[in-house]
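Okay, handing you the structure first.
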Amino acid sequence: MSKGRLEAFSDGVLAIIITIMVLELAVPHEPTLEALLRLWPVFISYVLSFANIGIYWNNHHHLLQGSRVVDGRVLWANLHLLFWLSLFPFATAWMGENDFAAVPVAIYGVVAVMAAIAYFLLVRALVRCQPADTHLAEAIGSDAKGKISPLIYALAVPIALLPVPFAPFVAFAMYVVVALIWVVPDVRIERTIAR
Amino acid sequence: MSKGRLEAFSDGVLAIIITIMVLELAVPHEPTLEALLRLWPVFISYVLSFANIGIYWNNHHHLLQGSRVVDGRVLWANLHLLFWLSLFPFATAWMGENDFAAVPVAIYGVVAVMAAIAYFLLVRALVRCQPADTHLAEAIGSDAKGKISPLIYALAVPIALLPVPFAPFVAFAMYVVVALIWVVPDVRIERTIAR
Amino acid sequence: MSKGRLEAFSDGVLAIIITIMVLELAVPHEPTLEALLRLWPVFISYVLSFANIGIYWNNHHHLLQGSRVVDGRVLWANLHLLFWLSLFPFATAWMGENDFAAVPVAIYGVVAVMAAIAYFLLVRALVRCQPADTHLAEAIGSDAKGKISPLIYALAVPIALLPVPFAPFVAFAMYVVVALIWVVPDVRIERTIAR
Amino acid sequence: MSKGRLEAFSDGVLAIIITIMVLELAVPHEPTLEALLRLWPVFISYVLSFANIGIYWNNHHHLLQGSRVVDGRVLWANLHLLFWLSLFPFATAWMGENDFAAVPVAIYGVVAVMAAIAYFLLVRALVRCQPADTHLAEAIGSDAKGKISPLIYALAVPIALLPVPFAPFVAFAMYVVVALIWVVPDVRIERTIAR
């Protein structure tokens, strides 16, 4: 089974998810800077989720580039991942529109954990169906980032719900850290290679 | 006539259908777990429809992989299928927002029956236009699942409208059964092959 | 300049246009058949526009299949066509939500005329840039349907505005006739060939 | 690393951005020409942004056609560009719905400047990772239009905020000039070549 349409369909869904999130940035009624600045929690949430979906697209791209074939299990594992990613616009909007209240921040973490688990299952399904000489498993390696990310997310969920001031902001900061773990080294490694 | 753009256009439409359904998950105003849990009928409907569109994408993928050419009839049969699938977001939202009331549940079944018929017509149009040595018809076989699914849907429509308690829930359960008929064996067969 | 990305981008835009129109089918608040039936003008408008965008995709597909190269003029002519097609969701919703009132029905015709002109300009731009041996012009032929369609639309616009009863419905019927001119022969010819 | 999926994902995101902007053209409640004409600021803003996203797609197309490979930096530089372009629907709607008030017009310019800078960074990232014999840098040349556009945008932002009558309209006219700089010569050069 060829992987072309799996990539095309995933690109389509990810492109829509990353773009419809901006529809939640409700246009303010007044044409003032104050009205715009009041949107900052929604905007910051949008930036984080844009980065997260971008990271997933990036990793998905690399993962499938290292694969040669897909099977029916992979198709379903991929749809399962897309399902959890499709909940990001909802979780992003709920968190942003409630100024980082505890429950929405925690739910954002739950969606992120589920997406990370779904990605892990997709990796396993892909590795399992490759011909013996594909070396996808070697290319993935120990995947330290893939293992630590869901752990940080899972830790952030109860932290968001702690009855202390600023607890949800600590959880949100942990989400930002996870995103930086993925974006920063990528860019830095490439810069080093370029030199 | 090449099939590449037919696949690309269908992937695009299916990707959009599967993703815009999540826009119906209206973000609650209060940042509480209760407000979130009140969304369960909408969420459950979303899960079902996500699976259904996923099943159609999956089957469409296999169907076109087994085909070598398409003609004008196939283009129109495909658009006809996409038309009925495009009504899923509407039917899903109406069913979910009315807590599985009888009429919306029945209408969901009507849309599902029409989509199943449209798929059946697409299969016939594709089989008819393949060169003699393509063996698409053999690959499809008796297509028991493709025949039993619309029957179950058609049965569920009047059941949803029965004036007895929980009738719509029985109909909804039948929709879930149809989805499971498609997803479960796929995954199980692949697992068996993998062993 | 290769035509692949032009096709991919157009497929994406057309897929989104054809699908977001269904978002205008506002989900009724009551779970009754009466509430659903009250949507019929919006639904009929949606069916017409779905067919129209489908016809454009179909023709676009054939047009580019007969072309070998594209140039900068073609890119802009194509964007110009997509611009007018992108107004179909607006015109469709306005017409449907106002029960086929005169002005919205006329504006729908204006959008349809402009799209037809834009398509004509795209055909000319494509023919002009093909190498001498491509025979795209011959493949297009006299293009009777492409010439009569904008004429019927242009005639329907003033008819919709006539101060007599049912004038907008006559105009709407003319739009339906144009769509049938494109869909019916396609299907019939293919059936004949199949025999 | 192949560039195919980068193009496909970018096409998807740009197609969605260019199309969802039309959702901001809220359907008027009354079926009258006056109600339609009251939408002119939103419509004019839509036309400008449609042209701008079209210009970016066009340039992106040419840029990647001149490139042979992409690396991780390019993926992130591309996502960074798509991020700023994704804010165009918001800026377009805010500007249009407030009849070209000063602050929204200025913010539109800010988004346009940021997108232009992001495009500049993408060009640099692409040039850097090409093999020695690709000549992408030579193909881009001095890129006078690419340098003057952000300057005009950056100048328009403070102009929009000047406390004199019609200042925002002057800024808006400057945005239109930038778009014409890109669209007009393209079409004219191609016409000259065709002769």
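Letters A, B, C and D mark the chains in the order given here, with residues in each chain numbered from 1 onward.
Simple rule for what comes next: a residue touches a chain if its C-beta (ideal position, glycine included) is under 8 Å from a C-beta of that chain, and two chains touch if they have at least 3 such contacts.
Small disclaimer: the values here were computed from a predicted structure and weren't measured.
Relative orientation of chain B with respect to chain C corresponds to a rotation of 90°, obtained by superposing CA atoms and rounded to a multiple of 5. The most distant chain from chain A is C, comparing centres defined as mean Cα coordinates.
Taking the mean of the C-alpha atoms as each chain's centre, chain C and chain D sit 27 Å apart. Mean C-alpha positions place chain B and chain D at a centre distance of 37 Å.
Listed for chain D are residues 8, 12, 15-16, 20, 23, each touching two or more other chains.
Those residues of chain A whose C-beta lies close enough to touch chain B in the complex are 1-2, 5-6, 8-9, 12-13, 15-17, 20, 23-24, 71-73, 75-76, 79, 82-83, 86-87, 89-90, 93-94, 97-98, 101-104, 107, 128-129. Only residues 7-8, 11-12, 14-16, 18-20, 22-23, 25, 27-28, 30-33, 36, 47, 50, 54, 57-58, 61, 65, 183, 186-187, 189-191, 193-194 of chain B touch chain A when the two sit together in their complex.
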